[in-house]
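Dropping the structures in below, format is structure tokens.
One chain, chain A, links the two complexes that follow: it is found with chain B in the first and with chain C in the second.
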Partner chain A sequence: MITGFILRALEGKIVIAVAILLGVAILVPALNLLALPDSALHIPTYLMALMGKYLCYALLALALDLVWGYCGILSLGHGAFFALGGYAMGMYLMRQIGSRGVYGNPILPDFMVFLNWKELPWFWYGFDWFAFATVMVLFVPGLLAFVFGWFAFRSRVNGVYLSIITQAMTYALMLAFFRNDMGFGGNNGLTDFKDIIGFPVQADGTRAVLFAMSAIMLALCLVIASAIVRSKFGKVLVGVRDAESRVRFLGFRVENIKLFTFVVSAMMAGVAGALFVPQVGIINPGEFAPANSIEVVVWTAVGGRGTLIGPIIGAVLVNAGKSFFTGAFPEFWLYALGGLFIAVTLFLPRGIVGTIQHGFKARQALKAAAEAEKGRGDEETVARAVQAAE
Partner chain B sequence: MNTIAETRTKSLLYLENVSVSFDGFKALNSLSFVVEPGELRAIIGPNGAGKTTMMDIITGKTRPDTGTVLFEDQIDLTKKDEADIAQLGIGRKFQKPTVFESHTVWDNLELALNRDRGVFATLFYTLSPEDKARIEEILETIRLTHRKDELAANLSHGQKQWLEIGMLLAQEPKLLLVDEPVAGMTDAETIETAELLKEIAKTRSVVVVEHDMGFIRDLGVKVTCLAEGSVLAEGSIDFVSNDPKVIENYLGR
Partner chain C sequence: MFIRLFSLILLILSVAVPVKAQSDPKSLIDALSKADFTEAEKLIGQIAATGDTRVVTALEAFAEGDLYFRKSDNLVFIAKAAGSNVELIDPLTGASAGAAPKNTVTKIRVNNNLRRVIRSAMGGLTLLSPDRTVRLQAADAVLRSPSPENLELVEAALAKETDGEVKARMEEARAVSVLSSNRSVDEKRAAIETIKNLGGRNALGILNSVSGSIDPSLKGDLDAAISSIESELQLWDMAQNVWYGLSLGSVLLLAAIGLAITFGVMGIINMAHGEMVMLGAYSTFVVQDAIRSNAPGLFDWSLAIALPVAFLVTGAVGFVIERGVIRFLYGRPLETLLATWGVSLILQQAIRSIFGPTNQEVGNPSWMSGSFALGGLTITWNRLWIVVFSLSIFVALLVVMKKSAYGLNMRAVTQNRRMASSMGIRTPWVDALTFALGSGIAGIAGVALSQIDNVSPNLGQSYIIDSFMVVVFGGVGNLWGTLVGALSLGVLNKFLEPSVGAVLGKILVLVLIILFIQKRPRGLFALKGRAVEA
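On to the complex of A and B.
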């Protein structure tokens, strides 16, 4: 049963994408650690960290594609789940600093000493253990998605209204996390990390492992997402996107279908955030900013929603573009992003991968039509081909 | 009272004094209506008579303000939602054909099959030989076998109507509600649809809402005429179409 579920995921394109990701997971760290610094093949550490960041964004975009591309829920608050996963990992990293902080307090993190706190708040308990933090990385975003989805989907909040509430959710969290009393470092967030499971965060070897983990988790989540969308459940999901009331009248509980997908997607976003934080070295309330969540939507749209692979490509391309632009012409980046979004909406409404897939199908249809003309096919094939090409 | 109690004990669907109003407009005005097991029933009536509202109430989309709605004599439909009611065995076909356009004809039927619809059951579902045989059988019934691998979006209007009827068959309902099945169909398709519905009604109850009097004559069944939210007349097509009230309210207009 489970094997069937996973095997179904491994369709051609997914296998190729997974192979590429696993190749990247080995090759990039190898070129960073093993190639001589002056060789042309050497990948400098800053570049590897940058690419690791892109992979985390790609995982976030993949998570969004699951709910937006397949279930039709346009979440404008996925950055919140990403940030929560990031905070869970950040709290673990803070606990690892121990007495090496500026104030040298063996129990309290620096910002708590600064705020004159006497003891560790209860919700920081447990974050000394990596395993606990890992569970929280999944649990906290999952719980928020569950509670949020429970109310939203049960009361049948749909479309633009749902998008607005998700946006409000991430904005509210941002304001909450900015407050010092929340106990998450306020404005400054969590930073100045030292170790992760005993290894120094800044060391090349640790960074290489973190990069490889990002690529592997992205590949794993891609397989899971593909297994979900290619199962019967995935077909129901697309049904919910295209004709929600028909699905209801067929006897499916639409609210449960949406809730499950939303929670899985939020957990994936949490994992992305958890991998992101040790690689960039900081997490602060800015990650909850509404604009961040909207950017994720842009990546997904550029790559092609409802394709799983598209959002990964979109996230990497747009962010690589961002790195280039903000380096070369910093003042033009926002114009470029805006222009890109308009161009994609106007000329590539299906996104990059969606357009390629569609073009491929249309070419196949034309081929069938040509064959039929030669007298080998019947009239119906032509009609079908023409219809498909349209 | 005695007669009502008697009809109630053998009814499949039982509506009594059902009223509902939207912003003061009485869409249904103490409507009473009974469908027996295995019955094929046609419903006619002018626009705004409450035909679609009645279907909304039976399928749980709308809650009545007052009245009783019972399925199989004891299940109170006013307390259930759409998914519950569909699982109880009431299928509904919409006025506008509603199929999953980005799925193939086959997948549309597979989704409609009356199997466990839970999240995990569908995640780990694999097509069994029985299910495959059942889908093939339905494809034959709705005459779409040759197009089973095509996207539903590419079907003609009439074929979409049939696919939706096929999806309802796959649901194996005890009661089928069909809203204007022949709207927009050619004459040939209309005749075939009448045959199809008669065939379906052999194994379950069917309620058809339709404006096409020729089609209803083809069906040759008991007719209920609704107007202004309540039943105006009930009986054979000839009886109903000769009723002066029906002529005044509907046919004569």
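On to the complex of A and C.
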């Protein structure tokens, strides 16, 4: 059954995307490590780290697409799940520093010594163990999403209201993590990492593995997401998006469907955050900022929501643009981003991938119609094609 | 006869001479030159007891450490440094006594204990001043630092006093002095009663300071008075919290009220709302700048001039946004959210490019600075004006919505667009005007907020989430809900602050709102009817 589930996921486009991602996962680290530094094919480490960052963002956008594109929940708080995953990984990395910190305390991270804390707070227990941290990367965002979604979906908070309270959620978390008393490093966050499972974080080899992991996790999550949306459950999901009341009247438990999707999506965002932190080298409360979460929405919108591949393309394109503009014309970037928000919503509501798909389907429909005109196609296929195009 | 007369003169002299010696301030002050700290303390008491108001300057100089004596004749002067010399001034008359080299004079040393004694002695002295305000200040000084030595002076002054207010203040000063003196128990009991009625932190401090040394029979009265003052203070603290809360609430109301129109009435999620507030604040800055360089005399009117300017500027920007972007997105609220977020980024960056990223200084007109006391409350004028201002905007908006033809059209369009259109209302025009109105009000809010917040390109960002919380909490589409929502969130915030701190208080409020929305997804005052479930 599971194989069938996965096989169904591997529809044409997804297969191509997964193949590309796996290719990238092998090729880029190989070019970084094996190609000679002065050859044209060599990829410098900073560039690889940058691309690794984009892949994490792409995973975050994919997670958002699952809830927004297929379930109609516009979450303005996905950055919170991302940051929580990042903090879980950051805590593991902090514990790995051990006595190599500035204060040389073998148990307490530097900021705790600085704040004159005597012992490790209970919620830091276990984070010296990689497996535990990995579980927490999934569990903490998942739990928050579960609790939040449980209340919100049960009381049928939806549409704009849901968006606003998800925004309030991430805002509240940002304020909370800014406090030194919380025990997460306050304003400065967690940084100055040394090792990850025994390998130095800064080393090229580790970075290459992290990059490859990002690409592979993205591919894996893409397959999972695709499997979800192409299953029968996925059909109901789209039903919830388009006509929630009707699905409810048909006897489906809409709140459970939403809750499941929301939690899965939050876990994916957590994984993205966890991969992001060792590559960037810092996690701070700024990641919770509501503006970040809204930016994720625009990546998804640019690429095309409800297409799974679109958000990945959107995230990479927008962030590449951001890197370029903030370097070349720093003043101009916010104009460009703002303009992008407006242009996409006004002129490209389906996003890049959505528009291409739509155009493709429309052409097929036209072709079918032309054939029907000639009396060779049966009317049913035409109707189906036209419907598909819409 | 002659002998009797002679002896009488002798007698008078024998009495008068010591009296004269004691009440001659000049010789008393000169005696300071040879006195140690204990003697100086006694001398200060005697100087004050002369009742001569001229000694005030000398005592002030003594407390400041400006009192010196000349080594050659031990005469005391007030000395001011003038180059390598010092200028000597007669302590009583204030007349100059010429300059002298520095090494011919010695400073009379003073310590904190002496300073305290001097302060209370001066308080007593100026009680007899002919100037009413000086007497009032003197009574206050005694109130603040009571000492038994002043008691008789206070009583003497009290007997002569005719002015009602000063007399009342002196009564209190007397009661305070009585408490630390060795007067009878009954007199002290009456004094405790007077101090209790006086109230306030100062009175509490006085009562607490004597509670260790007081007669045991008075202990009960004293404790009762202390607890009475404490509970009164608690009440005032509470009132202060309510006031702070209302003040914060009125700020929230100002920020949210424009949103109550664009989001609440029209259903547009206007993420650029905060930037409208910011534009309003910058309009104020520009207006003030123009006034400073062209007509400085008008500065007190700058806010009044900025109001219509800000309204028109932000209203026009709002109009352009509605016509240019939002009208294509009606019925797609989530897309509106994204597009207006884009608008907000552009506006922020535009302001940053024009005015720079730093804070701009916006001045307070004179009628908005300072504060006044109301019972135990301290109320600053700018906060009071903002409360008044936000309430008047609210009322004005309510009148426009309920009483004007335009408001009627607006409500008709929001309730049933097609029907309104069939009735001949130009719905696109109404939409544009409504959005412009909401934006304009945000701009007016910006004028007020420029008085209490930093005017920077990020000004709007700090209000946007709070504004949405207020509107959602109060109930969408209901202006009264916005009012109640803003004020109650403000008060709740300020009541949480003292116990859990400002940041945690804010987090708690956010969490409470999130939970509240689960319970009542449509806010405090939900609109009833089928339209809601669309």
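Here are some notes:
Operating definition for what follows: the second predicted complex is superposed on the first by the 373 of 390 C-alpha atoms of A that agree within 3 Å, B and C clash if a C-alpha of one lies under 4 Å from a C-alpha of the other, contacts with A are read in each partner's own complex, and residues count from 1 in each chain.
In this text, contacts are C-beta pairs under 8 Å (C-beta built on N, C-alpha and C of every residue); 3 or more make two chains touch, one makes a residue touch a chain.
Since the structure is predicted, the reported quantities are computational estimates derived from the model, not experimental observations.
Annotation: superposed three-chain arrangement on chain A; chain B versus chain C shows no clash, the two fitting side by side.
Using the contact criterion defined above for the overlaid structures, shared-chain residue A:Val236 touches chain B, although it does not reach chain C. In the superposition on chain A, A:Ala203 contacts neither chain B nor chain C. Once the two complexes are overlaid on the shared chain, A:Tyr161 sits against chain C while remaining clear of chain B. When the two structures are aligned on the shared chain, A:Phe260 is found in touch with chain B, with no touch to chain C.
With both complexes placed on chain A, chain A has more residues touched by C than by the other of chain B and chain C. Once the two complexes are overlaid on the shared chain, A:Ile228 sits against chain B while remaining clear of chain C.
Of the two partner chains placed by superposition, only chain B is touched by A:Arg248; chain C is not.
Remark: least CA distance from chain B to chain C after fitting both complexes onto chain A is 7 Å. Considering their complex, residues 267, 269, 271, 325, 328-329, 333-339, 341-346, 348-350, 352-353, 461, 465, 468-469, 472, 503-504, 506-507, 510-511, 513-515, 517-519, 521 of chain C touch chain A.
On chain A, the positions that touch chain C within their shared complex are 74, 148, 151-152, 154-157, 159-161, 163-165, 167-169, 171-172, 175-176, 178-179, 290-291, 294, 297-298, 301, 331, 334-335, 337-342, 344-346, 349. Across the complex, chain A is touched by residues 59, 61, 81-83, 86-87, 91-92, 94, 98-103, 107, 110-112, 114, 117-119, 122-126, 150, 154, 167, 171 of chain B. If you check the complex, the residues on chain A that touch chain B are 1-2, 4-5, 228, 231-233, 235-236, 238-239, 242-243, 245-254, 256-257, 260, 384, 387-388.
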